[in-house]
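Labels run A, B, C and D following the written order; every chain starts at residue 1.
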């Protein structure tokens, strides 16, 4: 980490600062220029907070030479990680198509969707059992029963299943779920992340609505620090002033994350846009810029399902889209 | 809730929609205008999601006549709520000054700060024991020991104490803490909110970095739905493009929240700006627009404490600010 | 336009409001429901401001049945517009590749780039002559001389040229420029837009950094209202909290604009991201979601040019990218 | 300017970079640390663009030691500027209250408002004659006639007048206007700014909806570089995700601008919030944090004026607010 001091910093301020860094076990290289002093911090700076240091009175700027994340840094891990989820592989050129309804509603629905997306080439089945709902009065999902229905659909189709976990207490219920999803609202629920770092199951970590890429990676690092390195990242839209869609899909995050980390990066165009007409185009765009997978809401009868109508594709639409995605992926190969 | 249909909506689409709403137990008043159809939904619409309905193909717009929050709605509760925290009262004209260090560091520090802020007129002592840290390698706070030191400071000064709780598992440790803070990152950790709704202790709920006011109120509703109505809201800055301070303090939220809800609203200018020079002016601004309290970081030796230096006032600065805040509050009275 | 009144609106407020609308020459259809009153405004509402009306005390919500834009509305003009720029056609399935340096520097540079991008299949040559510079002390571009050099490059390669115009006074200098670009900073410079509406030349209108799609379309309408209907829209990134790239490319705007307007929509991934490594992936994504063209910065020696190094491709990179873009476009066809 | 190179930068990259800076007439101090190289650029760096330099491959970070603005930098001009507008003085402790209608409508209206705000203690009269309207079909203001009516009101009350200028062509019409306002949409209309730098009249420069403080100051610098140093800055809200008010008033910008520049800073709570109920509280907040003035919309009959109803105070409300503002200002003095 390189700390540039303000031109007017007093000798006393310099000494205080150097002492503070040395007190943290770091070695400090001091370069005195004609008009400025630069401190090079050598040692483990991963626990230092840049924002705090850069706002100290004597400090003009702070630059990290090494990123604060280690386990998910591509500099440390040049080879792309491949995460195994049941028979499916994600990352390093292996593309995954995850599809299914927003919420598991009943046996008929989940089986119908599971069969349809399997036939269309999906690799994983998604479905919400525990739903984070803005209103405490809204239906919170089928809960444990929803997970059972997902397993039934898995038994019938062979598709591994993914569902959202909302707290540490739910962990026992998710014992037999193939991929555990952390939702955007919980991206910085560090207690949950820490628990997930201790289990032996792959985690799908969604970017928070106002999270920077560095914050997303630090949340991945929270999981990996516990020993669980099977983390998949998911871009699902950020909150901006733009008002025509639910969120703003930040697609350039895909190539940027590929540069920063070895972890696979998938895209959820359904939640990002919230509108069916935009899901297909954004799925193709995600495939074109190198995403390692897609997560798409599919419902067998979207027009009947109030909670799905806005953004879910029907099974035929999904099948047609899956074919185009495959073609775009191939065309986009360098 | 009023649903305006698109001009070209087919009779079939209308019927499907009406049937769907009736299926949810609502009565539907249909007004057929010359060029448009309007549905008035009568009944309990608090569980309906506007965004979902408004994105249905046949729907042009959705308007809530009643807000989706009930227990924290000023329409339902015209009198301002007064929340008792130990001997202190917050809301309905009772202003509260909360002060203390970002983190509890050791006995000497917390006692020195507690005595100083007490002398300067503070009503509550704040101090972090469990710290949400972006990096898994950063010091996570003193934990249980930090809470013990806070209680020691309370014993000596009589100031009630407030500290952040990060998960349901920590609840037993907070049994004797006067005011439990939910941090911005956990504003939509619904499992935690639900647990806090079941206890008999006041809750300080901070607005998330990208939360709308409605989302903040719905999170308060999650707590109150469980029976715990002692909720205090806190504006602490939102994330925007503006880059000169850590966040953008959204002060107009104070009068707006006072219109929407009976709950007290306090302001945290320290975290909102992240810079000592901005804390004082924003504290005065918050007092001028009618905030019910302030939460300010104070450290006995800010220049020595790396984690506090940027935004903490020293004890003298706090005392001087507290006097000016009192004068501005009085001047701003209508 | 449909105006839903608040439940408690008084008869007097209703009458005032109806009188106000009638005073603007509109007919008002009143539907009195059991719990709400709805006003349907019939006539030309394109000059009404929704935000103003919706914030009136008696009004609960305002819904436009007809958009406020007429000349650029796809509802009024279902067939995609095709804009002719010299021999090139843009829109309605005709894809255009615009390439060239950020700034015209000298004859050697612009000729070298023009030849290279022509060889790689570009349809238009871009180059800045008048540069909007944040600093008044920065080099403002070659001005008139830069336009002359662009014409020289056109004479040699046959490529039509596009350059940014910054004020009405510059119009005479742009007489022989094929496509006039309005930059993001001037998207709401209505005096400039009005003048451009009176000339017979196609206009490339870039989205402002914080403009909604509706505001972008209203700016197009300002040009078209003067009689000049040859407008091309350009998505070039919006300003958000996200900090890893210069701006956030809002790609879902492409399919959304295609739904709202008949005008062609192109994408500028160079300015949107500001980083060379992200330009290629975002160009492919734009092609995949149906953009009608791309605008890409290309320099013959990016590493030597301080102002171009960050985001300009070199000529070989551009040629390789152009091939992949063509393949992705084909694969993405429905 | 201090440029920190990336650890892996090659000797060739270093040499290229140094040569490029020297080619711009700068001296380059090179400090070679153990793990990093730091370049100190000495000379006039005000024309360099940090974003461009920091995105060069070999560069890790860029820090300005001197800001890119000179004429509006407090470091260069420690004493607060006082701008004279007719008999009124703004800045350096002189507070100014600017009031009047959004648009000049007719003689009766502007005279009534002018008399009322004069009686309530206003120092300047505002009124729009040329209105930037999103729709080309909306009423664009009374134009020249509006300016005449403002002058009539000035003749009667003695209040200096302020109105918005939208293009260089309008300059002759504004010859006798006391304070020329540049609207948010034109904050980066550099051609207009340059012309205003050549005249001898004070300028009120409003912050753009998505402008950083540095960009605002650079726009002031554009005016001042021409010789006109009488610039007043105005914070009027920024565009964010927050949706309860028209914009988000960024009040911490007031103390921050006071630190960065000697120029006066006023606040427009009417446009920032767009809602009458929020104008008063935000006016008090602005007074509390040290703003040098306020600009408030006042109408003699707000309920009758469609375009003013939402945010304009009536004359009595303004008079009451003006009294409270004066009291808060006094209480907030250190």
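Everything that follows uses one rule, which is that a residue touches a chain if its C-beta (ideal position, glycine included) is under 8 Å from a C-beta of that chain, and two chains touch if they have at least 3 such contacts.
Predicted model, so just to flag it, every value in this text is computed and none were measured.
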Worksheet item: Going by the stated contact rule, which chains contact subunit C and subunit D alike?
Response: A, B
Worksheet item: Where the centre means the average of the CA atoms, what chain is farthest from subunit B?
Response: C
Worksheet item: Using the average of all C-alpha atoms in each chain as its centre, how far is it in Å between subunit A and subunit D?
Response: 39
Practice prompt. Find the geometric centre of each of subunit A and subunit C from their Cα atoms only, then give the gap between the two centres in Å, rounded to an integer.
Written response: 31
Discussion item. Measuring centre to centre with CA averages, how many angstrom lie between subunit A and subunit B?
Written reply: 26
Worksheet item: What parts of subunit A, by residue number, touch at least two of the other chains?
Response: 210, 239-241
Practice prompt. Could you please specify the touching residues of subunit B with respect to subunit D in the complex?
Written response: 210, 212-213, 238, 240-245, 248-256, 259, 272-273, 277-278, 281-282, 284-290, 324, 327-328, 330-332, 334
Worksheet item: Can you name the residues of subunit C that touch subunit D in the complex?
Response: 16, 20, 24, 44, 46-47, 49, 51-53, 55-57, 68, 132-139, 166-169, 185-186, 188-192, 194, 208-210, 215, 218, 221-222, 225, 239, 246, 274-275, 303-304, 306-307, 309-311
Discussion item. Taking the touch rule as given, give the residues of subunit C at its contact with subunit B in the complex, in rising order.
Written reply: 2, 4, 6-7, 29, 31, 33-36, 38, 40, 42, 60-61, 63, 65, 239-241
